[in-house]
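Structures are listed in the sections that come next.
Each of the two complexes below includes subunit A, the first together with subunit B, the second together with subunit C.
What follows is the complex of A and B.
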């Protein structure tokens, strides 16, 4: 056996150890940078679509609508009605009158109708933000050549109309109001189902359940369920909520059926399906938060003669609350972005009426984006980009809320 | 445990362990302990690590049941009744036999709430402010915290936290206080304060203290129980007697070797 002397026993390898460390350091840094690049690319492509030049062609030049030298903006209501009658088909005019008599409509309303149906501006071509900035001259030349009647304007597709208008088959009129309301309704139902069930299950598993094979089996299954593809949850929701529980989810049981649907493809079904989807996430996060409450606190509580429930209610839950809320909000932000299960559960692709309650048919923001990107008109792609920004903002808000709640409620243990 | 059972046999003992064995699953941690704790005295339990001192202490108020797989065999007599009887509620036992832990563990609540909470959940009907003040005075903490009762208890120093835990324990008016190495996480000054406090508390309460520190046992206790473990690593009671006898004239050779520091 080699003798171990003070000098011979250790290899002189410090430079080599440092080099190895340096290599790993660089690798970790590189992976972070790659991640940032991809995220920036995503943000770039969304923003690139949201803003840009649009060539707009009017069906009728507004100048041509002037009556006796008075431009169309300044015409009286009666004159506008006359303009409308002159330019649209008799059938359409009768429909307007039928929907709401002109006598009852304000001048603004009639003006909007004239603008929509007579002037009827259409985007004939759109350009991305990048092109709009760096190839402005070429775009202007092309517009002058191909669309001599068109005017070129810079447009943010993310505007008030996008937020306030409902779905429409005309991209100039389309907005995401129904989708935002649908998303909010759905998420409300999701939280109402998943939060109590998830936290309840977590409390049971952590504080009450005996440590036996059944509990371990349950635990393994919950962990696996968190990884099941969301489309599977969609199928489950379709089978259970939409079909088997139709009486409940359509509202028939309460005599509250929405006249527009009267089947199980409602906000309630969608919300409960998403609730199931994030249930394992909430359970796992809540369990971890509960497990992180020091046993010393439980013992202190028991040592004073507290019952198990008093210990859980006064010490375990308050101290686990920040973790539970964070986990819930992260689950909810995942649910907000889900599309696949809702397609299966039966999200409507075209809903122009605001949802009125849990029994209404629904569409959500991601569904709207999905559906718009599949449309042939280019403008819908721009609208979709605007909707994506709203969706991202919604998710960022939720995550920020999670951070705030965690900081506010986390207490020193 | 109804009031009618109080002192059916008053033999001067607060707690009596009779043939008490404690198991963790199949492992016997403590073997057939017979130990009678005298009322209004401080009884120290000493012994080498792993000899089951803390296990015995925890079995005196059924706190060992919080450890999965733990179970006790034999009897622990408190007020003439075996606390392990099926009709005895451990919640009631733990209010009457309180516990102070090795690491100070105040609730992450205000100092006031730390004291008031235990009393409130146990249905205390009296004046809460008075109870809080009395408990803090009894725990020699009042003067240090009287101006900051609404501040969080976990912000106090280690020694203050431990006295807060003692105040919290006496607020539910127990008869016995079990202390599991209450000063081992504290500096010598804080330790001294706890020891002085114990001397005052024994007038009202019976105190059982587990300690690693033999000087501490010699300083504070009236009786000392020395535990060892046998070949199967099960703890057993080697010797039990008045503290000065244990430390000056032990009857058992192992006790002598342990207190003189020759092993353990």
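What follows is the complex of A and C.
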């Protein structure tokens, strides 16, 4: 703008300045668009892996299992048992019999065993959604050449089996049931820890705390805790909950020890660690909600002779509740997605049985995604993508709930 | 006096006396104390973090671990002998080194090319006879100096230099900031100075969605999308499967919403009067934005940047998935190198025993990480307090 002083130069300058302005405007707009492109690329890469063609090779062709012209789907239970006996090793057959005698098993169960252990379909190669749509012909040609026995099938890796099956070392059988249950248990503990503590702390700081060094220390401390990396909380959980309080967190104190865990690496430890992690977030949000309650309400309550706690309980809290809940939901949605602290606290790498209580070993949805991502096989990447979609749906639902709560109640006062 | 007057009044109207004096309310006190305890929990958390990190780090620096020197004694050594022959080859021993033969600890007083003169029975162990062929172990102990200057990290075999981990942390964070700073600031300027109310209403939720996605998903994105993309653009020979660049770029995308929303808050806080004054002087929109609004919001912007750096340094899952396992001292962003957080995750992911140098070492790294992020956060708070323009 230095040319303003020069007479006449001002007007000459205008087109130039407008052009510069235009360039910058485009730049700012472009960077916004780049941000959106990143988000789309992220969603694309997940969806791209969730659906796609799979070449499946059967160990034994189901047609070869037909007995006397009856296809394997229509065989009776006895015939299926005979098929199973013929095709699996003696040891394995004995183990099935030992697990549960065949006399007690239903036809469907035997059929499933035949399918898993005799036919044993294996994905020999998988393709992404993009390839499946735009290069279908090449894929078909390649499959015909490389895997003549394989059948090509379009598969959604996000299916009922993924949701209902537990973890397994065979990607065809693996699901996220244990992980979802683990996540729910962990989050329940997290809420039980963080909600009362967080709201209590916020009420104290907003309603009772005198303006002294202790209050200032508390406030600074909470703000700083909010900036501590989550992995540090994991180390804290490892040292305090898993190791120092092992008697409590392993359940030994209550005599409820899960035989599969002899240490403190349990759902309880994980939940409390996450509870401490989101505590500052809940406190800060609850403080804001309580601060937003107008003072007139408190004075009116005092004027009618209510005590301080009566005022808080009957007037401040009900009005601050939507804000407090919004903050809590946001905290919970953060906790659901947390991975690093749980790895440090000691999430199990392989849990195939459902968690039965706070003292069980645990794995959670993000941990499962992490482990599947880290494996080299393609099928696990596909499974991870399916699990990510469930995780994202869960988190987006929670966030949407928080936004609805905020919009619905924000204009009331 | 007033109390009596009131009760007299009440009596006069024929109602029973009401005592309106302040009463001690035990229940209220109990509730207040409980709430205070809730608030103090946060202090316990901080104390717990500092105490545990410091305690285990102290163990890390005082712990003696034994390194195999591959040197053996040539002949039997009696309990009294102060000088004995050792085999050639193996690790170099110096005067003053602490060595161990079987269970006995000794200190080297002087040495020649093939013989050692030692002080026997050190550190509370008794001097004993040793058979020919017994292996010498050398004591190694992490020193602060080695921790901060050595370029090799492998605590189990006595390499205690944290630099490789710190360097790769700094490289991934710098790449992340290179992505997030310009993009974030431009988006913030666009949102606060250019965008219509409607555009803002659609863009802000998108940013919030981006900010809510778990970091492990970003890690997946880095490995399955960004790494193949980089490899196809720059060539498979240049870019390794696990590399810092891919992790850094995706980390930049991760902190982008945070930079944007904090910067936008800072820009929106600049009063409109300033903008109107600039327009009145004949400034164009971009001149107003860049020469008036941005400088006025400087403290908020600086704070946003510093907080983002601290977030990038502490970010874990992306680097754990995409940056590679195993510490490597390299400045090449296209190579694999483990960061501080990635190392903590990998070590603690396996079953580690509580009484090992590995267990102590992750706390030492954690302490360093804690101080780095805390310092950055405190700096950002100081900037806000010190340079904030009050309108």
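Following the convention adopted for this analysis, the second predicted complex is superposed on the first by the 372 of 413 C-alpha atoms of A that agree within 3 Å, B and C clash if a C-alpha of one lies under 4 Å from a C-alpha of the other, contacts with A are read in each partner's own complex, and residues count from 1 in each chain.
In this section, a residue touches a chain if its C-beta (ideal position, glycine included) is under 8 Å from a C-beta of that chain, and two chains touch if they have at least 3 such contacts.
Only a predicted model underlies this, so the values are computations on that prediction, with no experimental measurement involved.
Participant: Mind working out whether A:297 is in touch with subunit B, subunit C, both or neither, as first, second, both or neither?
Facilitator: It touches subunit B, and subunit C stays clear.
Participant: Would you mind checking which one, subunit B or subunit C, touches more residues on subunit A?
Facilitator: Looking at subunit A, the partner in contact with more of its residues is C.
Participant: Of the partners subunit B and subunit C, which touch A:70 in the superposed model: first, second, both, neither?
Facilitator: Neither subunit B nor subunit C is touched by A:70.
Participant: Which partner does A:306 contact after superposing on A: first (subunit B), second (subunit C), both, neither?
Facilitator: After superposing on A, A:306 lies in contact with subunit B but is clear of subunit C.
Participant: Go through the superposed model and pick first if A:319 touches only subunit B, second if only subunit C, both, or neither.
Facilitator: first
Participant: After superposition on the shared chain, which partner residues are touched by A:211: those of subunit B (first), subunit C (second), both, or neither?
Facilitator: So A:211 only meets subunit B here.
Participant: Of all the subunit A residues, which ones make contact with subunit B and with subunit C?
Facilitator: In the superposed arrangement, which is not itself an observed complex, subunit A uses residues 307 for both subunit B and subunit C.
Participant: Which residues of subunit C touch subunit A once you look at their complex with the stated criterion?
Facilitator: 25, 27-28, 31-32, 34-43, 45-46, 48-49, 52-53, 56, 182-183, 186-187, 189-191, 193-195, 203, 205-210, 212-221, 223-225, 253, 256-257, 260, 281-287, 289-291, 307, 310-311, 313-317, 320-321, 341, 344-345, 348-349, 354, 362-363, 366, 369-370, 373-374, 377-378, 381
Participant: Can you name the residues of subunit A that touch subunit C in the complex?
Facilitator: Residues 1, 4, 10, 17-18, 20-21, 24-25, 27-32, 34-36, 38-39, 41-42, 44-46, 49, 196-201, 203-205, 208-209, 217-218, 221-225, 227-236, 238-240, 243, 276, 279-280, 283, 307-309, 333-334, 336-340, 343-344, 346, 349, 366, 369-370, 373-374, 381, 384-385, 388, 391-392, 395-396, 399, 403.
Participant: Which subunit A residues qualify as touching subunit B in the complex?
Facilitator: So the residues of subunit A touching subunit B come out as 211, 294, 296-307, 310, 314-315, 319, 411-413.
Participant: If you look only at subunit B, which of its residues touch subunit A in the complex?
Facilitator: These residues of subunit B touch subunit A: 61, 63, 66, 68, 91-92, 94-96, 98-101, 103, 105-108, 117-118, 121-122, 152, 154-155, 165, 168-169, 172.
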